[in-house]
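Multiple structures follow.
Shared between the two complexes below is chain A, which has chain B as its partner in the first and chain C in the second.
Presenting the complex of A and B:
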């Protein structure tokens, strides 16, 4: 029924789960991204967090930052939620679900560093949050324009070539994902990585990379 | 006709988005920027609503929920980074806020129940929000969230009824309508009531 996808960027479809016209599918491309997200989520579950140590220049003095267990627990929860949202964005066959998962990635990214008691990190998280929130306008706007012009949000249906998706909608969708944490908006996010807690902050970076790779597939496919 | 109205609406929405982004660029105060970004979210909902179908109406709810949760997360970050710990008390004391909340909230909630569905939830939520604003809200959000969770389960049950037992569609419609009413009401009631209290 959906043989046309075979020639697309994702490669032959290995598995598809239909919910009406919404089809969640695994192609080698999305499967790879999904496995990456899954692996890093497992890593966030099992790993022990780092203890950040600041070394003073010109001497042997150093300070270890104390982080409470409760704070770490919250950040691990947020990192796992971020991983789950990324996984959802990787397999989603519906553009609106994809945008929702992308927004959720933005929220959880803020959440990962929200518990840090460092004004600089909190300022960066706030700036990033403002950008991520503003980015939901092009993100949802793009999906809404696709719905209004074609009447469907299913990536499978749209990839059949029956409908022409307006370039402006594709552009808005891409812009929205870029706003959630790719360059040039990455600058706000990079400052968040000063927060201690190595395995968790990596999810901020990885999740944006994954959703960006997925949106490229979506834009090319539809 | 439809195409013309959609294009006009889209043009207005884009103009509003441009204005909002421009104001965001010009604004330097953090709190003001948060409020401006919230206005931007409203334009996002307008983009979805412009599609004007049942599906678009169904998509507004998740869009709204995501917007509210982002706003709440950012508000918490703002409170933390500014070191605002104590929630303000007695900011606005008008006599009507002591005497009227019960009756006004009741009227709004009853009217919301008559409306049912999404718009009913919004009206009833406004009533509850007004009540919280006037009477305080210690521990109430927890109860509201429980009701919201139960309503969500009811909503899912209604969808299963639609799929598995379509002959009981009227029951499913009523269940889904009531559940979405309670759920939207709970979500609307959350706006502005969480200020980093002890139970958050």
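Presenting the complex of A and C:
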């Protein structure tokens, strides 16, 4: 079987979850990331969103932003989808499966802020969306090169040291994840966080951080 | 000093696309310089193209619900591997028998071709792919209907 093959940086694998050729694994590292994603998803499900208030500088005036229930429902739905995609990406034991979950994180991140009626936030989300869309090319390109040069996509097999994964494929994979999640370049993404609705926008940040941490583990392991 | 300068450039989201494009370009140039990459002949998901087959390019051979040899990474995880290959509904079978273009209609009608690999060994991929598609549809529908 495949138990003996896995020697990753995340510690010994405690549990493997099989989906055919896709064998997800829970090591101390991936399990920690999974629990983080799970906890924030639960938070997005149960918490009430913030009501953002702008205070006029130098005076007593303030404005409370009114957000419709319908918009909040949609953003909560997107935040939950983002959390589920993050959870999948955290424990995935397959390169292609990981890239799919990562691209889903990218699209749900755009979805979380797409409903906001704020020109500035939407402009930032638009630019981010273009990068996320373009990032699918290096992301899936990296996975394709790994499959072509090694004949397999399983992280279990790739971590055994039998195959040599080209450095450029690892680079493409890393660049794709950076483009999808924008981590660690949060400066650009900060514009999106101006959107009201605290637990949902935080999911954008958290999911991108998680997929970035995971891809580092994958790149070192394979 | 240089960090604050980089941070300033990164903080403007208008610079995001050109920066990412430049990073992609750099990596593409490095990739071209490292060519050729050796192709691994023993592929896990081999495929032969038979232009004469009505199921082309999705024909993986074999007959429906009969054990067909299919290569898998972990065959022990797919006990029914090889039993579902190119299963066709009666309508799809009619199309396959009378036209040469059923393979091109895989996305346009249900019950077309159940690919062994997409259905069995890599089923989770298929689920995630459709989830991405439906998420994108959900965003588009929400934005379209919002102002209606």
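Convention: the second predicted complex is superposed on the first by the 204 of 222 C-alpha atoms of A that agree within 3 Å, B and C clash if a C-alpha of one lies under 4 Å from a C-alpha of the other, contacts with A are read in each partner's own complex, and residues count from 1 in each chain.
The working rule: a residue touches a chain if its C-beta (ideal position, glycine included) is under 8 Å from a C-beta of that chain, and two chains touch if they have at least 3 such contacts.
Just so it is clear, the model here is predicted, and its values are computed rather than measured.
Enquirer: Looking only at chain A, is it chain B or chain C that touches more of its residues?
Expert: In the superposed model, C touches more residues of chain A.
Enquirer: May I ask you to decide whether A:171 touches chain B, chain C, both, or neither, giving the answer as first, second, both or neither?
Expert: A:171: touches chain C, not chain B.
Enquirer: Contact-wise, after the overlay, does A:47 reach chain B, chain C, both or neither (first, second, both, neither)?
Expert: So A:47 meets neither chain B nor chain C here.
Enquirer: State whether A:148 touches chain B only (first), chain C only (second), both chains, or neither.
Expert: both
Enquirer: Taking the superposition as given, does A:122 touch the first partner, chain B, the second, chain C, both, or neither?
Expert: first
Enquirer: Should A:32 be classified as contacting the first partner (chain B), the second (chain C), both, or neither?
Expert: neither
Enquirer: Quick check for you: in the superposed arrangement, does A:104 touch first (chain B), second (chain C), both or neither?
Expert: Both partners, chain B and chain C.
Enquirer: Considering only touches as defined above, state whether A:20 meets chain B (first), chain C (second), both or neither.
Expert: After superposing on A, A:20 lies in contact with chain C but is clear of chain B.
Enquirer: Is A:137 in contact with chain B, with chain C, with both, or with neither (first, second, both, neither)?
Expert: Both chain B and chain C are touched by A:137.
Enquirer: Across the two complexes, what residues of chain A are contacted by chain B and by chain C?
Expert: 96, 100, 103-104, 107, 110-111, 114, 123, 130, 134, 137, 145, 147-148, 151, 153
Enquirer: With touch defined as at the start, can you tell me which chain B residues reach chain A in the complex?
Expert: 6, 10, 13, 17, 20-21, 24, 30, 33-34, 37, 40-41, 43-44, 47-48, 50-53, 55-56, 59, 62-63, 66-67, 69-71, 73-74, 76-78, 80-81
Enquirer: Of all residues in chain A, which touch chain B in the complex?
Expert: These residues of chain A touch chain B: 96, 100, 103-104, 106-107, 110-111, 114, 119, 122-123, 125-126, 129-130, 132-134, 136-137, 140-141, 143-145, 147-148, 151, 153.
Enquirer: Provide the residue numbers of chain C that touch chain A in the complex, in ascending order.
Expert: Residue list for chain C touching chain A: 7, 10-17, 20-21, 23-24, 27, 30-31, 34, 37-44, 72-74, 76-78, 120-125, 128-129, 131-132, 135-136, 138-139, 142-143, 146.
Enquirer: Touching chain C in the complex: which residues of chain A?
Expert: 1-2, 18-23, 70-71, 74, 77-78, 81, 85, 88, 94, 96-97, 100-101, 103-104, 107-108, 110-111, 114-115, 123-124, 127-128, 130-131, 134-135, 137-138, 145, 147-154, 157, 163, 166-168, 171-172, 175, 178-179, 185, 187-188, 190-191
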